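Next, two complexes with chain A in common: one pairs it with chain B, the other with chain C.
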Partner chain A sequence: MLLQGAHPMDAYGSLFSHGFGSWAGFAKTLGKATPLMLSGLAVTIGLRSGLFNIGVQGQLVSGALAAGWAGYAIHGLPIYIHLPIALLFGIAFGALVGWIAGALKAYRGIHEVITTIMINSIVLALVDYLAGHNFQEPGQTLARTSAVLPSATIPKIFGLPSGFFFAVLLSWGVWWIFQRTTSGFRLDTVGRNKNAAWYAGISVKRSVLIAMGVGGAIAGLGGAIETLGVIGRFEPTFNTGLGFDGITIALLGRANPLGVIPGAILIGGIRGASASMQFDAGVAPEIVDLILALILFCVTAPFLSKWLRSTEVGAKITSGWSN
Partner chain B sequence: MKRFLTFKWILTLILIAITGYLYSRDGVITTSVVATALIFGLPLALAAMVGIMCERTGIVNIGIEGTLLFSSFIGFFVASTTNNGVFGIFSAILAGVVTGLFLAFMSISWKMDQIIAGTIINILATGLTSFLYKQGHTAPTTSPIDIPFFSNIPFFGQVLFMNGPLVYFGLVVIFALYVALYHTSWGLRSRAVGEHPGSADTAGVSVFRLRYLNVALAGAVGGLAGAYLSLELVGSWDRGFTAGKGFTALALMIFGRWNPMGALAAAMFFGLAQAITNQLMFADVAHIPEQFVNMLPYVLTIVVLAISAGKVRPPAAEGQQYEKEQA
Partner chain C sequence: MSALLEITNVTKTFPGVVANENISISVSAGEIVALLGENGAGKSTLVKSVFGMVRPDSGEIRIKGELISPGDTSGAIARGVGMVHQHFQLVPVMTVTENIILGDEPKRGIFLNMKAARAEVLALSEKYGLEVDPDAFVEDLAVGTQQRIEILKALRKDVDLLILDEPTAVLTPQETDELLQVMRNLAASGVGVLFITHKLREVMAVADRVVVLRNGRVAGSTSPKETDEEGLAQLMVGRNVVLQVEKGDAKPEAATLVIRELHVNDDRKHLAVSGLNLEVRAGEIVGVAGVEGNGQRELVEAICGMRPRISGEVLVSGEATPDMHPHKVHSMGVSHIPEDREKHGLVSSYSIEDNLVLNQFDREPFAKSWIRNIGALEDNATRLVEEFDIRTPSIKTTASALSGGNKQKVVVARELSQDTRVVVAAQPTRGVDVGSIEFIHNQLIAARDAGAAVLLVSAELDEILSLADRVAVMFGGKIVAILDAKEAERGLVGRLMAGLSA
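Now for the complex of A and B:
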């Protein structure tokens, strides 16, 4: 920042005041944080089950398009029917995209890192095509769909996007499932030691399918909420990078479903305010990625994380491809 | 294993037969498609070598994307400010080594989670390069060198012997890595460290030193790939320039079963798919939308993997920290 001739404190001050200082800024932060939280949650479910789900981007975007389509193409329904249907579309398509990668892993043994990367590219191209052709807003040259009808728009509570509260609730729900239920325990066991889980009679295939399918569903929901509650239509360029920030958030939260909540608010605030920071202090918004890398570095670097949490260094998140 | 071998050879034979047939129909286009396959596939192959060198010694490297992005940027930046392509290439390689050492530092010395370490490199490279990037610069690029005599051979001459200097260099690096990995003591030690670091340590191999060395060398190869991308293949640099090539390389590494030759073959296959789609688009054979053309290589990879799938076995000690036993 000093290189660009701006005062760092001005920039940070602007970042903070726009992200958290005003009610509108706070609402924007929460709006940004919602899909981030859900994509972080999707990655977390994968990590806990021993899978590295890089495909959240594709799952999220397909959910966003499906929900956007259901939001403008279905007419004449009251909000309490139309909105759930649109959300379900998002969930279903996200789950489908996640499930494909899961099935390829479970039945053909292809590593999920390969398939999710490939599926990401395929889905992004497909969605770009659909938004620019079949589902394009009439008379529009940009690749984007028509605006979502009011009957499918997520209402706001006191100006705050209500999807956010739902995402928090869902994060808590996932935490509860992992902590207190047998199904959660099964996934966790598979994630910790596949062979031991198999020996104990847990179906590893089924766990892989569930983890990828549920992760995809949650990511799809994130895309749906973004489309129906924040943007108001589907436009491919609006969703880029959310899935990859989700990986950062999941790692920040150390694969704990509750850990994604603060991570998502933090990154949502920074992302949301980066444009204002450029305006106020003349700092390029790309600095945000640098800040994110430094945050991740500081939270995960051993000497700092030991100091932050004196008891344990944290569970091992990954152990390479073999797990 | 046997099943995969036959499948591989059948596929190779089919590809050769198709190429031969197409060459007899239209020599010029077939030659140019295969030549394009090589220059598209090479950066992926080199990037896959980065992964192989790291993972064979037990370090997971998902920061290849960051290495490519950072080194291609530095290479282009230096080449454009000094107006000297050679400086650019060397600084790109140096930049690759820097990212490699950073990864080694985080994952070997600090024992951080290796996936996180790689992710940090990726984000850092994305942020740093797009932050420093200024539009409107040009840099000198390398020009093709025809190798005398060999370049006159029909078909193979144009495909193999009329390329830019970094193509030759890259191919030499890949073959050298193959030989080194399987036929030198360095290769044996590296593989031992990746499979069972405890035994290697007992046999007197310094696990830490070898891992550091290999990750840094891998960074240099990644830097070469970056230099090739920005200074030879494309000749410019833009934000997000590498477009996921580092991740594709990971897929190719696994596809090629952590073997340099396997990964090279996989990368060439990928390059061929891209070259064919490019040709289709160029010739306007059918009105295929651009997006469908672009997704073809990815669909092909999944289909081929689904057919040929066997369980792959990564190096055993991958991703695990090594703690020397204390007496």
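Now for the complex of A and C:
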């Protein structure tokens, strides 16, 4: 930042005061943190099950569009029916996009990193097209849909986005599932040792489908909450990078579902305040990205190297002469 | 004729194990020497010392009279040593030619000279009579052909001594015969061959001399002319260490485990178990004796539902067990102590309490519907740690922190603490300390006395002879003989294991 001519302390001060210093700034941070938390949670479920789900972006965006469409195109329903339907649309489409990658892995053995990257490209292009054509707001030149009806808008609690609280609850729920239920134990066992899971009678295929489907559903929900609670319509430019920040957050949280909560608030705060940092201290938004990358690198390098070594792919890369 | 390779008093210890102790071996030019021994006898360690991949603690290795410094792989290569590893070091997406020239490519200017390379490969292949298609992609080739490429790769560097580490472990019988012919041709052209194996037939067929290793020592040195497969088998397993096990007479009842006409493939889709029939009665231990690689692993995995059966059936108390459904087979009362505890038996990053319920985590009392009962897990772990003498600081300790013997006790405790009708124990004491071996043996006998049908598969003939009430000898994917413990004399079993008729 010094090199760039800005004063670092001013920048950090601005980051803190805008991200966390005022009620409105805090609300903005939590609003930013919500889809981040859910996409982090989606990546976490994958990591715990031995999968690297980097398709969260595509899952999230398809959920965001589906929820946005349900939010403006369905008329005449009361909020307690319309809002859940719109959210379910988001969940279903996210789950479908995740499940496709899971099915390709389970039944065709194609590595999930490859399929999720491919599916990301397809979904992002398709969604952009739909938002600019079939589902475009009438008379609009931007690629965006009509505004979500009030009956499908997530209400705020004391000015804070209520989706945030739901995301926290969900993170805790996922943590509890891994901690205390047989389903969580199944996924965890597959993630730690596929061969032992097979020996123990756990279906590895089924676990892959579940982890990718549920991960996709949660990412889709993240997109839906972003559309229905924060932005108010589907507009592709607002979702850029959310899914990829989710990977950062999952790694920050060390694949612990509770770990995504502070991780998402931190990154949400930095992202939310990046515009203010630019105004107050003249820090370019790219510098904010750089800070995030540095955080990620410092915190996750040991974890990543351990994870790489413990998975089969990693073992092939890192093993040398030994038997 | 002076020796090509001379190994004198080589000793190598790894923490806790003596891999090689005072080993002396020599190989002359044009001679084929077989290094025979069970798994863990120290064969691989010895040849890796010659090739410079392992640094011996003491002793000398001379090639053509020249002392080679320990741990000097390039020195060994420069003196004409070539080695074909058990696991191939080929690039599957590259062609045969590209693989063979890899690391020392013919060039023209800064460019690869593929024409010259191809010609060189063809010449090489002609010279040694090893037929290969220089333009084929390695991934499309059969394992036997891939091995031929490995051999050519080694021979390209003017090799005087060729070391083959278990070259036939991955080959079909036909491919094996071809390889043996290749070895004869090489020896005829003056190359010294040192090859590792634990298959007696190959030794008899091709070797000029045989050196048998047992527990890191030379157990004997002989030649196929002076001995037969039985003599070799006896040298391999030894007769001195007999583990004495206290046990009463078996009181067998009706057959609990019945295997009928079972056919199973190995990982490479070759028939490993071919029409196997076997019955194990309640209250007896049937030991499966056999040289490793005769289908024992595939048999065990097929019984337990972990490997697809091609045909045949496995019955438990008269009920057919499902194919490829380990969970159901297990819940029919089949306990399985797997051969590889690190791979199948344990999740090493899980706590001991989780590992103790690994394959029953979703059953009462460890779970009610889908919620796990942590209290029941803890009670179970506390009880089993005490009962099975698992030495651990706490039940929350991860399995990876335990010693091999204690890890195995966790597996044994889990499998034998259940209500079990059939116990399938594969190599239950491999890599386990002596105290734990005795304990595990007694637990297997206790399971038998409690009325379980116990199928014991072991590469240790001593273990079979001291534990089993009946000995089933497995050879070539079939049970070739079933002997009563009293008539199972070591020499007889050894002959049968080698595929000879009694």
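Here, the second predicted complex is superposed on the first by the 299 of 323 C-alpha atoms of A that agree within 3 Å, B and C clash if a C-alpha of one lies under 4 Å from a C-alpha of the other, contacts with A are read in each partner's own complex, and residues count from 1 in each chain.
Just so it is clear, contacts are C-beta pairs under 8 Å (C-beta built on N, C-alpha and C of every residue); 3 or more make two chains touch, one makes a residue touch a chain.
As the structure is a computational prediction, the values presented were derived from the model and not from experiment.
Chemist: For A:142, decide between first (touching chain B), second (touching chain C), both and neither.
Modeler: So A:142 meets neither chain B nor chain C here.
Chemist: By the touch definition at the top of the document, which applies to A:133: first (chain B), second (chain C), both, or neither?
Modeler: Once the two structures are laid over each other on A, A:133 reaches chain B alone.
Chemist: More chain A residues touched by chain B or by chain C?
Modeler: B
Chemist: Could you say whether A:81 touches chain B, chain C, both of them, or neither, answering first, second, both or neither?
Modeler: After superposing on A, A:81 lies clear of both chain B and chain C.
Chemist: Between chain B (first) and chain C (second), which does A:251 come into contact with in this model arrangement: first, second, both, or neither?
Modeler: A:251 sits against chain B, while chain C stays out of touch.
Chemist: Please indicate which partner A:290 is in contact with in the superposed arrangement: first for chain B, second for chain C, both, or neither.
Modeler: It touches chain B, and chain C stays clear.
Chemist: Contacts for A:24 in the overlay, against chain B (first) and chain C (second): which applies, first, second, both or neither?
Modeler: neither
Chemist: State which residues of chain A lie in both footprints, the one left by chain B and the one left by chain C.
Modeler: On chain A, the overlap between the chain B and chain C contacts is residues 321, 323.
Chemist: Using the touch definition from the top, list the residues of chain B that touch chain A in their complex.
Modeler: For chain B paired with chain A, touching residues are 55, 60, 106, 110-116, 119-120, 123-124, 126-128, 130-131, 133, 239, 244, 247-248, 250-251, 254-255, 289, 291-292, 294-295, 298-299, 301-302, 305-306, 309-314, 316, 318-320.
Chemist: Can you list the chain C residues touching chain A in their complex?
Modeler: 44, 53, 87, 306, 325-328, 330-331, 336, 338, 343-350, 354, 358-359, 361-362, 367, 370-372, 374
Chemist: Inside the complex, what are the residues of chain A that reach chain C?
Modeler: 180-183, 185, 189, 192-193, 195-202, 310, 321, 323
Chemist: Show me the residue ranges of chain A that touch chain B in the complex, using the header's touch definition.
Modeler: 52, 54, 104, 108-111, 113-115, 117-119, 121-122, 125-126, 128-129, 133, 247-248, 251, 284, 286-293, 296-297, 300-303, 316-323
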